[in-house]
Amino acid sequence: MKKLLNDPENAVADSLAGFALAHADLVQVHHDPTYVTRVGGATTGKVGLVSGGGSGHEPLHTGFVGDGMLDAAVPGAVFTSPTPDGILPALHAADGGAGVLAIVKNYTGDVLNFDLAVELAEADGARVATVVVNDDVAVENSTYTAGRRGVAGTLCVEKIAGAAAMQGGDLDDVTRIAQHVVDNVRTMGVAVTACTVPHVGGPSFDLPDDQLEIGIGIHGEPGRRRVKAVPADEVTQMLLDPVADDLELSPGERVLLFVNGMGGTPASELYVVYGRARRLLEQRGVTVARSLVGSYVTSLEMQGASVTVLRLDDELEALWDAPVHTAALRW
Amino acid sequence: MTLDADWAERWIRRTADAVADRRDELTELDREIGDGDHGENLVRGFRAVVAKLDARRAEVDGSGAGGPEAPPRLVGDVLKLTATTLMSTVGGASGPLYGTAFLRAAKVTGHETIDTRGIVAMLESALDGITARGKAEPGEKTMVDAWTPAVEAAERAAGEGDEADALRAAAAAADAGSTATIPLVATKGRASYLGERSAGHEDPGARSTALLLAAAVDALGEEPA
Amino acid sequence: MKKLLNDPENAVADSLAGFALAHADLVQVHHDPTYVTRVGGATTGKVGLVSGGGSGHEPLHTGFVGDGMLDAAVPGAVFTSPTPDGILPALHAADGGAGVLAIVKNYTGDVLNFDLAVELAEADGARVATVVVNDDVAVENSTYTAGRRGVAGTLCVEKIAGAAAMQGGDLDDVTRIAQHVVDNVRTMGVAVTACTVPHVGGPSFDLPDDQLEIGIGIHGEPGRRRVKAVPADEVTQMLLDPVADDLELSPGERVLLFVNGMGGTPASELYVVYGRARRLLEQRGVTVARSLVGSYVTSLEMQGASVTVLRLDDELEALWDAPVHTAALRW
Amino acid sequence: MTLDADWAERWIRRTADAVADRRDELTELDREIGDGDHGENLVRGFRAVVAKLDARRAEVDGSGAGGPEAPPRLVGDVLKLTATTLMSTVGGASGPLYGTAFLRAAKVTGHETIDTRGIVAMLESALDGITARGKAEPGEKTMVDAWTPAVEAAERAAGEGDEADALRAAAAAADAGSTATIPLVATKGRASYLGERSAGHEDPGARSTALLLAAAVDALGEEPA
């Protein structure tokens, strides 16, 4: 394993230290326990937004702390949910008196640790609502799994709920909007290569040079199935079709199309996937009204991509367009 | 054989050694059907618990406490310290689960020593905590598949033997239960994302449960330093 | 080789097609010959800015077409300079009557092809100035080489010259500013892994698992020397020291610190490098007044990073801060 | 043996075949000390030239031209078409260099046939074009190290032999010149970035020059179709 890291045990801390220095105008990084807050702290009267999860998905979530998105983020160890002692002060720091929305990706660890922290925060008198993001269509949403995972669609939830909070929505409004995004966003991903967790030192799975993993999560776990490597157009179809089918998109609908890189994918390849996904949507009579292409919800240096579709309505479109100023997303 | 706070402390320290020794094995199991961090998570967590135990011991020694006038040391105190430390250092799914297990176990072990029935109650409470939080049932390929037979075996052994017999039975059953997760298809936790592909691999949390209970047995064999 | 591509021969065209669709509000992509222009075409009375070079460095240059940066970009084949027939129409398209500045990275191929195109544009009556970016300190700037290469510092030249043009500078002003950036910006890079050019199909060099290439360019070429893999802090020092020494930075000076990923590097690692580079600069008494961290000037999916330092003055600082709205850089 | 426009066309077509056949070798040489695109660049460029030659031929055939009343076909016309096409399709360093070489060569070959002195003039002009544009001198490990001995050998051979001898001598010298670049340290082009590490590898542009001139010789052996 070769990485631009020092002691693998300190990978997260070292990276956060650099992040804090580079974005001192936007964020403040707290240590022992670790959490990241917006500079200036909670905005009085605004609903606070907190998210968090294992590290290794950067810029998610720390890169989305700032105006119009998150008030605090809690990074765990690499691919490991953060613990309640980090989540709890983040919930308090984000609380401007109007309550806090916790945005949790659906993984057993994230859900359990956030649950514990929310219980503790409520015991302290805080008002906390939770939305659980579960956009990954690769996993059956049934009693036979821990439920669908939260993956790249989380960005859409954080951006749009962040805008709703910025515009003065109360905790119920912001929670409703966030849940509305969750209900209308779906994702499916592919791995071209595995990734290597620093303290593990070896690849997260062994993927032969002529195979792809379809239906991956964002923790370097293997996907739902392995297929022979095929051209990008075919791969894209394997991702887009289940997403569009699951959303039951009808002709005439408007969507946001988000092609996300897994960390090690060149931008040029993401645009190839985007172009194909867009044509497939257009063939279904669906209008791509908003787009995002880039590596935002990653698995370390994994090569691969995910395709996310969010069904839009006027409200979501306006909130997506609202200004945002964070380290990783800005307009 | 006295199952007192010293035994509990030895249990936790031996668990810390065991997960450190077997870290790569746990990591590899989790790499196969999870995300490869289970070994690291537990090593980090139990190392933190040991550090707290050391600190507490240094405090007690420094204050001259621990003499005849010292307040009684309770088994449950050790388990509670373990619980809160695991919750705040392990992360992942296993942190809240083991944390809750030890918290519930601490609640029924607030005594200077525990007997055979105490052992059974402790294990039952731990399992209850895990299922209350994680909602897994037996057969879903999780740590519940090691804890459930462990509790049952301890109950059976408690009818005929002493506390050491109960612990030994629990540890042996957890080990067998962990091995028995191999053919299962996971329906809880990360491994469930793999569907059928999760079959043929042992559940890492079940294996760490077996290590934990084996350490409880090992801790019997040693008198306090 | 596994990549999210279709026919490797069409990699550039496929990617540009997706790029055009994703950023139709910003850019227009022309084919046969290939070049990319700002939507709306040349701004009357504004100096036009054109850059270009081989593809595979995305988002450079196409991702920097937009308000406050480039008016046109000319992508060649992967790692291959574009040809004059693509550069010529780009020069004309960027010409709003106030002349055009061509920003050329110092590679024999880029320089020769731009030279040819500029000769042809001038023959058509256009007024074209050229600046050649050569910020790579890994290469000795002597008669023993083709001169220093243009690498990540190109972004600084394009951003700052773009702002100068936007603010109404004439061709001489904008050229002077661009040259001023060139004179004050230096870069050095490291490869952790090689990259694979699509139509080649194999890695650009063979790098054993315990070695790094120090002093690489951006075309997957080997570096100046190979070193045993060492922690990020040491690697960063090998990059930062030659850069700072070459700039002859004195205590009290203010700089822009830009840590650039080579395409396959996780953001988390870039921040580790940034943190260390910043501390090293501070140890020299130098103030990091502006920062940029991200994968902007890349070599396909290569893992690695480069460290760029730009000596700032009030003029450069203000131009850096001026608004920019492109696909890849926006504030 | 007549060195006319048909010969020039055969030369270019054979070059296209040669770079396609040897593409991987050129790529590999460029991968070692450059950026691995030289083979691809030349294949793309010469394929485009062949397409233009085919198109022109189809036009001529279609128009019924080429009969006794057709305008004379000049060697230089073929070379000029080659020059402009290479310039607009090859890219990289070699595109403008080969483009300029053929453009200069075309300027001195505006004849129906060329003789021995014409061959020497053509090669000299090509080399002049390359050095005018690329500013490289012999010994810098570039294509100049194949062209320079080629021109010298053609001049020598022209004293004693015919145009075929001159071409053969040029091709042989280019081949040897290319091989002789192996020990050199590059001081021009991409390979110069490698400094000392460039020694021990053959220059890809020198090798493609050798292929180009070998194709000119091969083209002698065939009469027009």
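As written, the chains take the letters A, B, C and D, and residue 1 is the first residue of each chain.
One rule holds for everything that comes next: a residue touches a chain if its C-beta (ideal position, glycine included) is under 8 Å from a C-beta of that chain, and two chains touch if they have at least 3 such contacts.
Fair warning: this is a prediction, and the values are worked out from it, not measured in the lab.
Note on chain placement: the centre of chain A and the centre of chain B lie 33 Å apart, centres being C-alpha means. Chain B and chain C have centres, each the mean of its CA atoms, that are 55 Å apart. As a whole-number value, the distance joining the C-alpha centres of chain B and chain D reads 77 Å. Chain contacts here run in a simple line, from one end chain through to the other with no loop closing. Across the whole structure, chains are in contact as follows: A-B, A-C, C-D. By the touch criterion stated above, chain A contacts chain B in their complex at residues 33, 54, 76-85, 107-109, 112-113, 115-116, 138-140, 143-146, 149, 197, 199-200, 202, 204-205, 217, 219-222, 224.
Partner chain A is touched in their complex by these residues of chain B: 27, 31, 34-37, 40-41, 44, 87-97, 99, 133-134, 187-190, 192-195, 197. Against chain A, the residues of chain C that register as touching in their complex are 1-7, 11-12, 14-19, 21-23, 55-56, 58-59, 63, 190, 192-193, 209-210, 212, 229, 231-233, 235, 263-276, 278, 288, 291, 293, 295, 298, 300-301, 303-305, 328, 330-331.
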